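We call the chains A, B, C and D, going by the order they appear; numbering starts again at 1 in every chain.
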Amino acid sequence: MAGIFGVSSNEDCVKDLFLGTFYLQHRAQDYCGLACSDGKTFSAYDTHRGLMRQQFPKKVLKDLKGNFGIGCVTGDRQPVSVLGKAGAFIVAYDGNIINHDELRDALLMKGIGFTGFIGEGEVHDSAVIAKIISSESTFERGIESLAKIMKGDFALVALTKTGVYAARGWGRKHLILGKKNGSYAVSSESNSFPNTGFEIMRDIEPGEIVLINEEGVNHVGRLDLNPKKYCSFEWIYTAHPASVIEGKSVAEVRINLGKALARRYPVAADLVSPVPNSGRWHALGFSMASGIPHIEVFVRYDYSDRSYTPGQQPDRDVEARTKLIPIKEVIKGKIIVLVDDSIVRGTQMLTRVRVLKEMGAKEVHARIACPPLVAACHFGKTTRCNDECIARRMPIKEIQESMGLDSLGYATVEDLEEATGLPREKLCLDCWEP
Amino acid sequence: MAGIFGVSSNEDCVKDLFLGTFYLQHRAQDYCGLACSDGKTFSAYDTHRGLMRQQFPKKVLKDLKGNFGIGCVTGDRQPVSVLGKAGAFIVAYDGNIINHDELRDALLMKGIGFTGFIGEGEVHDSAVIAKIISSESTFERGIESLAKIMKGDFALVALTKTGVYAARGWGRKHLILGKKNGSYAVSSESNSFPNTGFEIMRDIEPGEIVLINEEGVNHVGRLDLNPKKYCSFEWIYTAHPASVIEGKSVAEVRINLGKALARRYPVAADLVSPVPNSGRWHALGFSMASGIPHIEVFVRYDYSDRSYTPGQQPDRDVEARTKLIPIKEVIKGKIIVLVDDSIVRGTQMLTRVRVLKEMGAKEVHARIACPPLVAACHFGKTTRCNDECIARRMPIKEIQESMGLDSLGYATVEDLEEATGLPREKLCLDCWEP
Amino acid sequence: MAGIFGVSSNEDCVKDLFLGTFYLQHRAQDYCGLACSDGKTFSAYDTHRGLMRQQFPKKVLKDLKGNFGIGCVTGDRQPVSVLGKAGAFIVAYDGNIINHDELRDALLMKGIGFTGFIGEGEVHDSAVIAKIISSESTFERGIESLAKIMKGDFALVALTKTGVYAARGWGRKHLILGKKNGSYAVSSESNSFPNTGFEIMRDIEPGEIVLINEEGVNHVGRLDLNPKKYCSFEWIYTAHPASVIEGKSVAEVRINLGKALARRYPVAADLVSPVPNSGRWHALGFSMASGIPHIEVFVRYDYSDRSYTPGQQPDRDVEARTKLIPIKEVIKGKIIVLVDDSIVRGTQMLTRVRVLKEMGAKEVHARIACPPLVAACHFGKTTRCNDECIARRMPIKEIQESMGLDSLGYATVEDLEEATGLPREKLCLDCWEP
Amino acid sequence: MAGIFGVSSNEDCVKDLFLGTFYLQHRAQDYCGLACSDGKTFSAYDTHRGLMRQQFPKKVLKDLKGNFGIGCVTGDRQPVSVLGKAGAFIVAYDGNIINHDELRDALLMKGIGFTGFIGEGEVHDSAVIAKIISSESTFERGIESLAKIMKGDFALVALTKTGVYAARGWGRKHLILGKKNGSYAVSSESNSFPNTGFEIMRDIEPGEIVLINEEGVNHVGRLDLNPKKYCSFEWIYTAHPASVIEGKSVAEVRINLGKALARRYPVAADLVSPVPNSGRWHALGFSMASGIPHIEVFVRYDYSDRSYTPGQQPDRDVEARTKLIPIKEVIKGKIIVLVDDSIVRGTQMLTRVRVLKEMGAKEVHARIACPPLVAACHFGKTTRCNDECIARRMPIKEIQESMGLDSLGYATVEDLEEATGLPREKLCLDCWEP
């Protein structure tokens, strides 16, 4: 997963560039990077291990300047600077190449080598993408060439000296346009906009290539890509609740899913609680439809997550164990509905239920805001391995029992259609109906 | 403000020491430190600028070992290692010395100098405390000597080679004892206990000095200090909602305050929202008593706060501006009750109200979970300067108008008494009735 | 300038790799890097800004292992890892490409792009070399392809999973082979050998390509390159005095040049002193031939040079001013012969003469161990700019006067022929006879 | 060992402060620190692990300003800032307290504690000194009090807001005064002066206390200390050859010692070589008196020494092995006189002789510029342990044989008297006549 952002500003873009990228931090926490151009040259540019707030304090930001910029938060080192047939550009992408090895070998056979390999001779997706785009005579042709031969999906932004290109593949990777007073921005999520003052213009369409510069948002190409699909998981979990995707508020879609769960699986309970933060809006919907009070039985400890310094391996086990603090006084003797967005391996849900029972909960009923996950996501969401999915290995009744739950209910694909207002043909459902 | 923790374990204490201290991180974010002893010597010990999770990764923790340990999160460099008349010890405290200059000068006149001054020749409170304690022949006498001459209040833990001393002053600085299987802990807040497995034993009483070691919690002295007072602000804002103070659950006291506000200042509204995170439990109480849905109109962006690297100055203005993201779809056209714990200068509330109105809120009514703040806190909470308090400079009606609020209501001292179940004589009310 | 080293060892090579590379530190101080292979994969590999001793302490070295390794000290970031048609390799080179832009553009036209550009879209020589070699189906063909189209000169080492390739261009960049007990090494200078226990085998010949592995030194190719030339400046200044180049001891060649100067420009003086360290062996020769005592009037301060930490810009002006301390007691009232290897701009000699006169020297006579420099070196030695050469701008008599010297004598090309025992056709004399 | 420096300048002192301290780097390499005052406050001040050039680059130096400053290179963390009865000052010293434990315990008994202990409760000499001085009502009294009760020796500089105090104990720790244009400096060695433009004024006398400020060098006290002794080892090894101590040039004293050795132990040899750098000037004297050519058979590799980064433990064994490179061409078949300043344990000399013999030296004759060391130095020079001295454990003849030397000769105390021109009563001879 990644978050990408691009901006063309009528003044220096660095402040908007930083904040616009920063508000994508929930999408990835391993690397982050910013690059700028003032129309003549690229200014100081760097990719860092760690979080935006740590890696780009004021004293670093002051080395960046220019009207055009791109930024990213990613799982690998991005953005990548490239000198190619069409000149110099700097690119960041959100996506994945399913046929990576095939594309890499084809490049090697053409005599196109890679510098900076890792391990025994591996290269990142970003290196393959950079090589394919840079071997064509224009940026648009490079993108076309990429879309023609790659399997997977992508969204990307590319900074040249005079503007920012943005392109979207089949649709699973989102990009949205914003504007304010002669400045234009593109982002993985509209969450970049409220605190930077941009207004939503529209989503970039699947297959669309635009160039953003002082003249605005220029349409420069359209790829013929089929079928087009949106990623359902963005509304369910990935995106920030303040974002709007394809015209649908993420917070509202989640409230809708919670309401559907309350109608589909009613239960007489003392309180409904999310697993914070991911289940919070779903739980709110459940509370609104059922009338059961919405009280958080776990308090999230803000300092538990990923505040690691560069180079330091995050200890994700310690993170998971330490980030929620149960409130015994609220839990004891209560019948509790616990709402979360999804269950992958089930280990976290198991831990939460055990804690609640130990603290004296009378009953615990779980409600899950999407259908049972039965397949790995080929596009980098949820899990990379089929066998990790607990719902692939056992029936729902068994999951319930293994976790010590008093009941367990999942949302349905129909609930997703109703909550988003989109027909199932437009939604990627590979996680549930592979 | 600070958080202090001490532990005597029947095995190596480092894991409990780290977590017990870590769960006090909400009390201070500038410095943190850990120190251990194995009964013979002190093991690697260090005070760091920054957060616990950043500064004490596994590779640092492995240099610490021993059955006894203390830890702290503080605003100045602590703990302090001291070699004194009674031997070597390492001390951390939460508190403040109102007559700092007087005590420092008395020490200098006795020929007791300070190494490591700052600025033109300033020394920290911790240096003064260390000198006073270390000039006496036993640790207990050192504490007595301190309590006799200092003005202010304090709680402290001190590690010797064979145990952990803990002492509490007049009562405003809390300390609570916990135990599990032959291990004993003391902490500023019981929030250190749920995820480390300790059970609450009891609060350390004002004036009490204990020694924690393999024999348990040993009473070693009692200071004759009057009057004894608890800090009301701990329940209202400072402490973590999962903590229990003097037998009162912080979460429940906040719900009680929110209920009192709903009864005292009813309003016909579409939704009640906290300023997250500080107003969350108060808002929940308001919602429970009024029946108005509890929906958060701002989503807190977890990555906005204090993830700065050591040595880097936090930019608190940027933090304040960036940490909340408004959800337009939820705000537009609504009558909103906004609940927060307190108002000091009023600048943050002003900003929040302005954003809500810009996003289309029909009305905004503020409810504040404590009385109007009119005085600086001599004990280091709220503010250091009388004139910063907006409620000292203008009447409530004027505050409401200057902020563009449709109504404004504060809790009363009677509400505090009722919510905590404690009579006003036991509560420090200096902020409201100086 | 750069120093490169490669080794195939019959046990783990890291210790020899570190030391062998370390003893080339005098050739470059900006970057350094090491890479290893154990026959199956490449182990931890890194390029660092700074000096070998700082950048590769024990704790870093322990992450490297394998029987094959290469190392370098360079002015740009090397070695470079490359995945190409013929597989993965890691390359380091000493050299320069005069027709860099032409080669880069030809690669771009073929659709071969570069990742990691600098500035507006510049790439390093190392990137161009890596691309050319990696576009061919074998390593030997890659080198041939490079030699066919490049102008300039080079020596390089390349690590594959199963051995170390070494190749030498027209001759100006030296490479020498060593062996001990079944281990084989190749280095820019034999100075790598005395303290690692290697014995000199022979120089790699201009145009020769060898592969070093457990079977020894295997001849794998010969490039047809003409004319072949050795760099005279290696003996005069660049190489370490303990090195032997093309069978000639550097220390002895320098003594020979000093003797020639004493014969050619006799002077009745009290003492002969070098500018330390570069003039030390030349001055010794002058002393031996003239009988004038060899006393150093300046003491080099060891801590003055390039001990900067990574990322820190060296302040070469401060370095130049601070590195020599004059000894007044030795200088006062004396007639001094000051011997140095060469004069480029003349600013340093001017400073030295002025200090000697201020300290009371009666007369100062300069003797220079090579002919007057009149041209920039196209191969990266001496200077990059013709106009920097003081001897291009004014006659010798004028140089002498401008510096306040009492006399000034330069060595001749004939002195170089005699000192090295090599005919002028084998010596690159571009600096003096462009 | 340590080097200390102080300056009062008629303009900003930072440049002179940095360089004056830097030129003492040969005296200590573990820590370094600088402190300044502008007459009103102390400016940014810091003590660092590492070398001056690494730790004080321009960007750090720009945070320092003021007309008064002190600096030091030390083995422990100095300078130390102190707030005492007489106000705030910052102190650095060269010296050692033989009765450290006694003084520490006396302070503790008085109720004077130490903050910042190490290990189980140890404190540095600098902490003891700081406490003693700071307990008195004036700086002069503090020094008097120190001198009255301490055993050992010292020289120190102390920065107050309005000047720099300098004080010298019994004489083994040297201090010298310099001036230029209204600026005044004090240093452990006059080596601080040539490249900063200061002229030697005079040595501070044993027992003298001065205050340096805009009025010049003010005599403020004289301690009655006996007997007064100079450290002989400063001329033999410790001091820089460009320094002048008690009016005697270090370079000249060393030449004198070498001449004495040539006269006392003549030998028919092909060349005389120092162990660089410590034996260089002694070897020159030997060459001058004997007529045997002075050729260095080992070249010191400048990059071998102590360029470690902060926190990194220097590997002194690797340093010793790597720092000298033998030149086989010069060594083979020759009768060599090897001159060094002293022999402590003999391990280094043994290694050197072995290398020379392996490289084909016909004979090796060692000449040592001081008498056989038979006792540890109580003042921190040479060695801390009697038993480390090889000359304590075996007769000279046996030392010669164990090292494979063809002959071995030591200088005598009479040679020291003659070389320095000082009578034996004024020289500390504890190393040779304990």
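One rule holds in what follows: a residue touches a chain if its C-beta (ideal position, glycine included) is under 8 Å from a C-beta of that chain, and two chains touch if they have at least 3 such contacts.
As the structure is a computational prediction, the values presented were derived from the model and not from experiment.
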What is the set of chains touching both chain B and chain D?
none
Which chain has its C-alpha centre farthest away from the C-alpha centre of chain C?
B
Cα centroid separation between chain A and chain B, in whole Å?
35
Taking each chain's centre as the mean position of its Cα atoms, how many Å separate chain A from chain C?
51
Could you state the distance in Å from the CA-based centre of chain A to that of chain D?
62
What are the residues of chain B that contact at least two other chains?
none
In contact, pair by pair, are chains A-B, A-C, B-D, C-D
What part of chain C is in contact with chain A in the complex they form?
40-42, 80-85, 87-88, 108-117, 119-121, 123, 127, 130-131, 134-136, 161
Residue set of chain B touching chain A in the complex reads 19, 22-23, 25-26, 51-54, 57-58, 191, 194-195, 240-242, 244, 249, 251-252, 277, 284, 288, 293-295, 299, 301-305, 307-309, 312, 315, 321-322, 325-330
